[in-house]
Amino acid sequence: MNLPANYQKTRQASVDMCAPLQIEDYIPQPALFTSPPKWNLGHTSWFFEEMILKKFIKNYKEFHPKYGYIFNSYYNTLGERVVRQNRGELSRPTVKEVYQYRSYVDDWMIGLLKTPIDDKLYKLIILGLNHEQQHQELFFTDIKYAFSKIPLYPVYSDLTYCENSEAHKEEFIEQDEGIYEVGFEGEGFCFDNELSRHKVYLQPYSIRNRLVTNGEFLEFMSDGGYQRFEFWHDEALFWLSENNIQQPMYWKNINDVWYQFTLAGLRKINPDHILTHITYYEAFAFASWKGLRLPTEFEWEAAAGKFSWGLRWEWTESAYLPYPGYKKDAGAVGEYNGKFMVNQKVLRGGSVVSPEGHTRKTYRNFFHPNMSWQFNGIRLAK
Amino acid sequence: MNLPANYQKTRQASVDMCAPLQIEDYIPQPALFTSPPKWNLGHTSWFFEEMILKKFIKNYKEFHPKYGYIFNSYYNTLGERVVRQNRGELSRPTVKEVYQYRSYVDDWMIGLLKTPIDDKLYKLIILGLNHEQQHQELFFTDIKYAFSKIPLYPVYSDLTYCENSEAHKEEFIEQDEGIYEVGFEGEGFCFDNELSRHKVYLQPYSIRNRLVTNGEFLEFMSDGGYQRFEFWHDEALFWLSENNIQQPMYWKNINDVWYQFTLAGLRKINPDHILTHITYYEAFAFASWKGLRLPTEFEWEAAAGKFSWGLRWEWTESAYLPYPGYKKDAGAVGEYNGKFMVNQKVLRGGSVVSPEGHTRKTYRNFFHPNMSWQFNGIRLAK
Amino acid sequence: MNLPANYQKTRQASVDMCAPLQIEDYIPQPALFTSPPKWNLGHTSWFFEEMILKKFIKNYKEFHPKYGYIFNSYYNTLGERVVRQNRGELSRPTVKEVYQYRSYVDDWMIGLLKTPIDDKLYKLIILGLNHEQQHQELFFTDIKYAFSKIPLYPVYSDLTYCENSEAHKEEFIEQDEGIYEVGFEGEGFCFDNELSRHKVYLQPYSIRNRLVTNGEFLEFMSDGGYQRFEFWHDEALFWLSENNIQQPMYWKNINDVWYQFTLAGLRKINPDHILTHITYYEAFAFASWKGLRLPTEFEWEAAAGKFSWGLRWEWTESAYLPYPGYKKDAGAVGEYNGKFMVNQKVLRGGSVVSPEGHTRKTYRNFFHPNMSWQFNGIRLAK
Amino acid sequence: MNLPANYQKTRQASVDMCAPLQIEDYIPQPALFTSPPKWNLGHTSWFFEEMILKKFIKNYKEFHPKYGYIFNSYYNTLGERVVRQNRGELSRPTVKEVYQYRSYVDDWMIGLLKTPIDDKLYKLIILGLNHEQQHQELFFTDIKYAFSKIPLYPVYSDLTYCENSEAHKEEFIEQDEGIYEVGFEGEGFCFDNELSRHKVYLQPYSIRNRLVTNGEFLEFMSDGGYQRFEFWHDEALFWLSENNIQQPMYWKNINDVWYQFTLAGLRKINPDHILTHITYYEAFAFASWKGLRLPTEFEWEAAAGKFSWGLRWEWTESAYLPYPGYKKDAGAVGEYNGKFMVNQKVLRGGSVVSPEGHTRKTYRNFFHPNMSWQFNGIRLAK
């Protein structure tokens, strides 16, 4: 697909997914780690305005002098911003004004796309589109979280596509000891954290062809998994006790029946469906209980051609660290990935709400080990 | 005015004051002590539904089984409820649905008002209307607070009626030593905390006929008032330092000019206007700096016929305590006032946003000493 | 007793009560509201050094340049100080050095007492001695609290004098309506907060001649007192739930038998003994459950001649506020009482660990309503 | 050295290093991450009592039934314990009693060492001694931290051996790309986290032969290093701002001269001395400022034969994770290392206060990235 078409398709997708929302739904931010839909819509537009329009179009006139302050997420290079936890306080600009902002930015961008695009600009536009796609995935997980906090349990959509299962039989894929190459190679887009491609030495291992199911996790729970300290990290025990955690994030036991909150409202848990919304702490404890472990990100990548993936972000045992020769870009774009490379865990694969074409086997997603509002799951290794 | 007309007028006022709002403005709750406009509208309706319709109409069918959970404020008698700090998370029910809820309750109430009303029911209806009026005042102070947090500084209304001044010359009114009677007497409505009427003995005192102005407070600030510990309570010093307080709540210094956020947006401070949005801590420190003090609530009440009031809630030195013979009502209504009678200060008078006819000289308003989002002011005594 | 003898007796008492301690016991500060014994010993000496020796003796040489920083409690007038919660971090100066500091200060003070003493100095010395006595009482309650936190439950002394009972039969003393005079009068010492003596008007009331016993409180507990919200203030309910309070501070249920930690170690509760270590919140809830109330401080004072008191500090319903005409002293001494006159409750009477001769019927003790490490008790009124 | 001699020498060292302490110094715990000297002495004895004496001696009688509760550090297998932050509250058992406890345990241990020792027991004893040595290092860093909080700046010892420098010239050691073996091999003792020995593939790199000096860090500071966000991780910026960090932990600027608190009291900073007490955040920011980076733990280990080390624990870029085939031991001993393998960083080398013979090139020390009370330093790589 050509760039203008790609641009318009990607931008339109962010708007389309808001169709089921009421105006009210654009506003709340029930947790620090989520953003209101309105903010996501503004922020992705601001990214193009700030990184591209202001830099590449001489006579560009910014839409509003305060939107930079309002829609900057975490770029220190670009100055002060609304503190992250206060995004839900902003009833203004209105939803309508934010859509006007999007149109304004789109008009300028489409104009720009008709001019000759040099390599540097091209890369920034592609980065902007990948950035937009990341926020599209966040949109689904944020609205799910927000709706889960409302006693009326609103339904985003009756399509329950997010709860799904794998048909094939469980099997462990054996992998030989030796040197493997990991990291991105080729022509297309990748984030800076996927580079440089380099060699790693892996010991012999095997990795399961299926993700863990709700049913398997229920066995862990029946076996006292949440109460048996020997399966957990020390700080996970603290997390369990501080937050009184006894089941996965969206699970609720009503009259001895397990339900989970989904984008289609509260639904009975299907034991054959793939487990999701799990923290790294829980993933690790579950694997320990099984007498198994999580794969490292390189074990995952080296075997990724041999099993199907993309239904859940899969926790790995790897910490999120720079690859050999990793180099942050200069300027604001350099804040995209590198400054988060401490105390986070790598997830691989992609999920049911990842935009089409957005994932690849070298993609490194990352979250703190206590985060579970993404569609995270567990793949086992040994 | 007859009861049905009174009911409709009071209920309509709550709706009218929302006219300048966008849908988005009904949602955020930027502080624990404020409530979203949507919640206020629902809660005041719930009060009638819960306290009256469910109890006095046999075949009453509640509007929605979960609204009790959502719109209960603090009545333990009436069961579980959304925790107070989470009111801003509720994008549902929608604004439209809440207005439908109001209409539904109003229809039943108007029906009920056409039937014979016994004394007990009459009192509850009047309580409900006074409750609604309290939330009308809260509406103004809550929306002002919410707008103040938005970088765009929205304007609620261009009418700057909330900033005002007193024309008469400063004077201290002398009061004799002796026995005075305080507390409500007469036929009309009062809250239980205004009873019983009783005698108090007052030492000779005098009280100022004017409220403190912005100009007077600017002198306090120029004289280092916020930095001079000797004027402040010990816990006020802690409050100042924890919150880095150096000026009244809504004041901002921009290029050496003092502005304040108002319902009409950001405005230059007029030194002749009456100071407002002041905490008890600041009121006390200011009075100490003047070599004066705040009046007690009884000094205020005993002299209230001799000066004009109603522009600001006036901090008194009195703690909020039960009057002799104070008796909580039975049931949920008994939770209205009594359970707050510790660690709060009494304010007297009324403010520019108090509903007409809602205040009287025996009215006891109360807030914690660090609260200033109401239109609070200072009257001096000696 | 003459002043030098009084001085030496009072100062010696602080040392004598440390006799049962090990060196180790002088150090820990297990809660913000307690102080280590070593700190108490240093602070009371510093009071004389700072307020008297440095001001009244020209060639006085301070014992150590940093002790002012270490042993100042809360006097802003006198500069920076070790923050209150860090007193338990100070292993130095050693206990021995602090005793040397005491001797040094005492030597100078005794010298000073041999010279002519003018009225101003006399008043400061008497204030210093009363201050020392207050810390003597704090010593007992602080060490009790500290020992209660140690799994070995150390015994301070086998003498169980702190647990005691009243022999006389329960009776309510009736008091007439009318004008009463309250506040200190006469020649001796009083704190500034007991002045000025003034008239108050009291409604008819009656007050119980006995304090509440453990047995009475056990009935409240058996009747679900801690779980029944209708007896509690709103913020008390928050306090109960945040701290998971289900019994008085030092009570422990071991195999269905109630024990309490005492200065003589863990002891079975005697239902005839006077209830102690109770918060205002609990005192209020208990009184509500009884259908009674706490007396105001003036009701207490007006009737104090008609019942025996001094075994427990008795919570009153009164907030700690200035009396009419209250005037803080100039200088550091002015920080003694006035700056605490907000959000605290008055207690009257005295306790089993109050130094002999230190209490009187006009004495106003004050604590926040959630504090119970003093020997606080309950007297009922109606 | 034979085992009994080794045992006695190691145990005695813990006692010897307490020689400069006053009784008072054994008590305070000024931070969650430090332990009082008394607790360290008790805990290391408890380790032998709990892991060995109770298990290997049939008729062993524990010294005191509550010491297990008091001196357990973090072993869930072994039941409840005093919460970590409350160790400074324990004035009892006294210092003398803890020394009696040590003697008691030593007597039994020495008896046991005279009997035949099987392999399992031998390994536990060696583990106990290595555990004791770890606490010996903690003793020095804990007492340094505790003394640093006392306004009198006590001196532990006048020997300033902890501040030192390296004579050799700066140089970068080049290392070839290829497969290296890492992890412990051989006969002696190692911790479970050093196993299994395995192959890793390293890209070409070079590593500095000298640690970073105070002088080099002063240049970073002069260049605005603490204020320039581009060198820091995102969560490091939060840490800097929350704690108002502008220099290394023990540095103080007095009249424009830089001092640091040392075990020999407050001393002027010598720019030639090796920088110490640095967090990972600071180490990373410093390296970024230099245009360099920290080595990974495997880069460090592979080159460790080519430079001298053991003066500072050297932060690596590696997260603390299990080696391939890592297996926790069964029982309480299994809690030693594995449960901490999340959100921590590996340090390599050893420090001036590491016990002789306790370090080796495969040793993996680990701390959270914001910790700096150990003698941590920086080695650069590229």
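Chains here go by letter, A, B, C and D, matching the order in which they are written, and residues are numbered from 1 within each.
One rule holds in what follows: contacts are C-beta pairs under 8 Å (C-beta built on N, C-alpha and C of every residue); 3 or more make two chains touch, one makes a residue touch a chain.
Just so it is clear, the model here is predicted, and its values are computed rather than measured.
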{"item": "Chain labels contacting chain A and also chain B", "value": "none"}
{"item": "Averaged-CA centre spacing for the pair chain C and chain A, given as whole angstrom", "value": "57"}
{"item": "Chain centre separation in whole Å, for chain C relative to chain B (CA means)", "value": "36"}
{"item": "Sites on chain C at which at least two other chains make contact", "value": "none"}
{"item": "Category of the chain touch graph - line, ring, star, complete, other", "value": "ring"}
{"item": "Every chain pair meeting the contact rule", "value": "A-B, A-D, B-C, C-D"}
{"item": "Contact set on chain C toward chain B in their complex", "value": "74, 76-77, 179, 198-201, 203, 205, 229-230, 232-237, 280-281, 284, 293, 317-319, 321-322, 324-325, 334, 339-343, 345, 369"}
{"item": "Of chain A, residues touching chain B in the complex", "value": "22-28, 30, 38, 66, 69-70, 82, 86, 88-95, 146, 149-152, 154"}
